[in-house]
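Heads up, there are several structures right after this.
Common to both upcoming complexes is chain A, partnered first by chain B, then by chain C.
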Partner chain A sequence: MTKVRRQPVAISIPDRRDAALTLGPALLVFAFGFLSPLINLAIESLKEFTPGRVGSVENAAATVQNYYELANQAFASVLLTTFWIGGVAAIIGQLVAFPLAYFIVRRISPRMRTLTLGFLITLVLSSVLIKTYAIELTFGSVGIFRPFLLTLGLSPNSREYINIVVIAGLVHSIIPVATLTLIGAMQSIDPRLLDAAQSLGAPGWKAHLSITLPLSFPALISSTLVSLTFAISAFVIPMVLGRGRVLFMSNVIYTRFSDIANYPSGAAISLVMLAVALAVVAVITFAQARRVSR
Partner chain B sequence: MLHDMTRRRFLGSAAAAGIAGTMTGFARSAAAGSGNLTAVEWGGDVVEAMKQIAADQNAATFNWVLHQGGAGAILPKIKAVWPNVDYDYVAGWEGSFNSMVKEDWLETINPADVPNLANIPEKIIIRDGKGNIKAVPRAVGGMYFGARTDTAPIAVKTIDDLLSPDLKGAICWPGPTQSMMLQIVALALHGGGSETNMEPGWKLMTELAKSGNIGRVAVTDIDFTNSLTSGETSVGFFAEPGWAAVAKNFPVTRFTKDSNFKAFLYQSGFGVLKNRPSTKATLDFVNFAISSDMNSLYAKVAGEAPLNSKAVTPDNLKHLSFTSDEFSSFVYVPDYNVVLEQQDAWSKRWEQDIAPLL
Partner chain C sequence: MNIQSLAARTGDRIAGSLAYGVIGLGLAFLAIPLVITCVMAFDARTYLGPMPPPALSLHWFERLVSQADILTSLRTSLILAVFTTVLSVTIGTAAAVGLARGNFPGKAALTSAFLSPLIVPPVVIGFGLLLFLSKAGITNGMARLLLGHVIVTLPYCIRTSLASLLGSDQRLTEAAMVLGATERQAFWTITLPLMRTGVVTGAIFAFAISMDDVSISLFLSDPSATTLPVTLVSNMRAAFDLTIAAAAVVLIAVTALLIVVLDRVVGFDTVVGQGLFRS
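Here is the complex of A and B:
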């Protein structure tokens, strides 16, 4: 098999001007809205904190202590909890959203589809706080399902149960976003491929596993990444449903910045969190790219 | 129509919008100078009390901003915009005021500008290192242990009872940034320590976390109120406004005059911020708010004991009124500067040693 060599494409001056004009506003917003605060955060993270003060003082000494003190088991445990609970919620979200998206695209009438899409968009736009308290009132320690949970032998006071409620809260918010993401991919799959496979004797489940799933795999990865990013950065959901006993990185960052005013430590944790999240996203994206290239 | 938009028309519209925005800014500044004040208050009954006080005068109108989380959570918001701060006064207590004094954010109060200060006990007034008055106290609140007596599984008599297996999941414990961790100072005092020797407190806290008795860690006032009123938990340590909210509908016992527990008293008051155009209007309102009548009204509605010596203490706040003997037996006044400087270390210790056990 001969490889096709890519030829470099010359960009004319008018093309460059057009590129600058079209990309310029976005780059400016990115530089001012994201990059400059990030640089500010990095500088803050390298300053010494004086206990009792608000943030770092003027001319504070430079230090890496804020990073060094994160090298402990407690911090690793919070990081692990964040990714573990967030990851489980993201995967459960895909398991529910994938068949739901297929059902919406292939099994219901256009009128019902419009209604369902409207419902999903309403769910995305509705307040996270309201949805979170709805789950608390239903599954919380004094929720209406409490007697049912007690008969199942689940103690609403146990750490395992609280973890499950936090996951439920995250999944509740992930499902509409993931479904809307997957609907686009489902619509681009030619339904005749599935019909052809089944007319050639493949059972329905096998036809889906060999056609629907592989063709929607890139969208599934994108949806998982969006869901994971949402889950690991969640703040209100672990705070309310976790009863102060489940700590996410966002809660620790909030405490550092807002409650004890230790900006340098908060900045260091934020940057570590950003680096770990980017690394996870990069690994998943790289693995997907390799799978496609093979 | 959008497709009719030319570059010239766009620039013209942008300029007009800019001028309109600037004029609005000037109008707001002028309004601020004329007595339109932005005040940071606690929510619930406290802001309700202040709204009733504000309704009794005509000199100032208010934009109310509420504290979110502990009173210290306002500090980063001020730091982020300093010196262009948006708040005329911030309601706070020793914990947040000491930080503000260190940052030099508060106006020095001249007693001549707030004549009603003459009726406030001299000892309780917060001053800077040079002796300048930096905040105006309005009431005394307390932070202490208590229990909802109709749902508590056992009658709690000492701090050691908090470890009883009967209290599984029944304790609502303040989060690490609530009450400046005086709850752990209380445990330290029980174990023979203090705010300068917290090891006995951390030891007891570890046992409490391991016991499984903490059902909720309250990170906001409303967390505490919801947890107690819903019956999720029955025993806790919190500030008086939280207990008062629960006591409106349920029987509550506050362990304020019990030698087995220590109560912490704090003053709540007004910190007037520098660099504002309406300092005089703010001081006039503060003076009005601490007058005997308004201080009585505040105490009745907010659930904190009045500090104006001529104000009336409501019957339902007798648990906050101490004779000098009672004060020495039941009340502990920590060194708030030590407490403030230890917040960072204590918060990290909570994350490392306590949070994994919950």
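Here is the complex of A and C:
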């Protein structure tokens, strides 16, 4: 089945006025509210820091000092924390989302399917704040999981305990999104392939390992990377659950803004973060392009 | 029965129960914190005590609605979300029509440019907007927040509208025009109704995102205009009590309502099928 034509021939926008009318407002908002602030951010990041004002001084000397200062131990550890906590959360998320997606696609009645999907979509759309608060209430000083974590020998004020709570917070947001992403891919796997493998004598787990997993592998990779992008740009979750001891890149930007008002440095971190996000997205795009070409 | 198939069956049983265990634990992990929050919101104690509450009461809700800053910021959030939704949907739908119908070079590039705010970390957008708007001399808190929220919701509206426009049959519009409708009539009576699902989905997303956003609003809020999530975050950092649980119950109820609307108007399978979830 091919689409007859993508470009309508009979109707097309007849003149530039209509194009300006339809695309103009969006272009305006995009240029003024997104592009200009980003360009300004890049310029700001090269300005010398003068304490005590919003933005740099007019005609401040251009400097790479703000970036140079980031090449220290403290920022490197923030970068590392962001990546390893985010990475662990992304992987745990996939470990749960993968079987869950399969279960929803193949093993569930339509009614239960709607119910489970509704639950997952509710989680996606509900506030990060609520989920963060709920996690804090569950794992915090009165939480029902606290005794469980304590029996594992974790002191509630230890770094490990806080790390686990932050990971739990991220995983709670990652599972629903990853599941919904993987469902799409699982739906396009022909169930007869699995039946064929099993009728030829493969045990169920082996059939899944050699059919379901490889066929959904590209989707699994991009779902992992999307989860990772989400995790490394997380803000509220590490801010509230990290209790100031686990800092992500976005938390440092906020601190630069709210505590010491060092805007040029905040701008430099923002650009580093932007570069990291773009790099991850580039990998996703590459993975998807390979998936299409296969 | 030979040993090999016995081993295979045992392997299956182990793998199967492992998978079901993971699924059960995962769903429990997703649901339990929310259930705890909802139960604790009705706790009759005046302090934050362990589960389960000995008695139930509505006093945290009473405290919630007696707090002036929460009510003010709730009003701000609602007004902001309504304006954001209207603006985003209008601009986004128009842009989607332009992108679908227009025949100009660089169309693909423009489409991905319009969607690009989705991949930029929200904190970076918030911080960038703060610096830029301060330089541009725009100090009105509501105006700043509105611009920030439109920037992050617009991509969703464009994406959902564009998807439903490309998914609907172009020939219906052509037919209307062949039968004598003017371009404007064809748009209002044929094209726009065909885009309905996408427009509604976009509107629900815009409203939900605007109501929930913290990362951008925290930078752009000022004393004259503070959104509910920003107030809740600062309350959460100052004193961790159960008024926030009460607020959470209210917000969960609102979200659940939006979800029911989404299911009735659009259907979950459409949402999942289009795969429009970013983060």
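The working rule: the second predicted complex is superposed on the first by the 229 of 294 C-alpha atoms of A that agree within 3 Å, B and C clash if a C-alpha of one lies under 4 Å from a C-alpha of the other, contacts with A are read in each partner's own complex, and residues count from 1 in each chain.
One rule holds for everything that comes next: a residue touches a chain if its C-beta (ideal position, glycine included) is under 8 Å from a C-beta of that chain, and two chains touch if they have at least 3 such contacts.
What you see is a predicted model; the values in this text were computed from it and never measured.
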So, A:P214: does it touch chain B (first), chain C (second), both, or neither?
neither
Looking at the overlay, what does A:P191 touch: chain B (first), chain C (second), both, or neither?
neither
Thinking of the overlay built on chain A, is A:V142 touched by chain B (first), by chain C (second), by both, or by neither?
both
Considering only touches as defined above, state whether A:M273 meets chain B (first), chain C (second), both or neither.
second
Applying the touch criterion given at the start, work out whether A:A134 contacts chain B, chain C, both or neither, answering first, second, both or neither.
second
With both structures fitted on chain A, tell me whether chain B or chain C touches more of chain A's residues.
C
Just checking: does A:P25 make contact with chain B only, chain C only, both, or neither of them? Give me first, second, both or neither.
second
After lining up the shared chain so the two structures overlap, which partner does A:S77 touch, if you call chain B first and chain C second: first, second, both or neither?
first
Taking the superposition as given, does A:F257 touch the first partner, chain B, the second, chain C, both, or neither?
both
Footprint intersection on chain A (chain B / chain C) at 54-55, 140-142, 239, 257, 263
Residues of chain C touching chain A in the complex
8-9, 11-12, 14-16, 19, 22-23, 25-27, 29-34, 36-37, 40, 48-51, 90-92, 94-95, 97-99, 101-104, 110, 113-114, 116-117, 119-125, 127-135, 147-148, 150-151, 154, 158, 170, 173-174, 177-178, 183, 186, 204-205, 208, 211-212, 214-215, 218-219, 229, 232-233, 236-237, 240, 244-245, 248, 251-252, 255-256, 258-259, 262-263, 268-269, 271-273, 275, 277-279
Mind listing the chain B positions that touch chain A in their complex?
69-70, 72-73, 75-76, 78-79, 98-99, 102-103, 168-169, 173, 175-177, 212, 214-219, 223, 230-232, 337, 340-345, 347-348, 351-353, 355-356, 358
So in the complex, which bits of chain A are touching chain B?
49, 51-55, 69, 72-75, 77-78, 140-142, 155-157, 159, 239, 243-245, 247, 252, 255-263, 265
Interfacial residue positions of chain A with respect to chain C in the complex:
7-8, 10-14, 18-19, 21-23, 25-26, 29-30, 32-34, 36-38, 40-41, 44, 54-55, 95-97, 99-100, 102-103, 114, 117-119, 121-131, 133-138, 140-144, 168, 171-173, 175-177, 180-181, 183-184, 203-206, 208, 226, 229-230, 232-233, 235-236, 239-240, 249-250, 253-254, 257, 263, 266-267, 270, 273-274, 277-278, 281
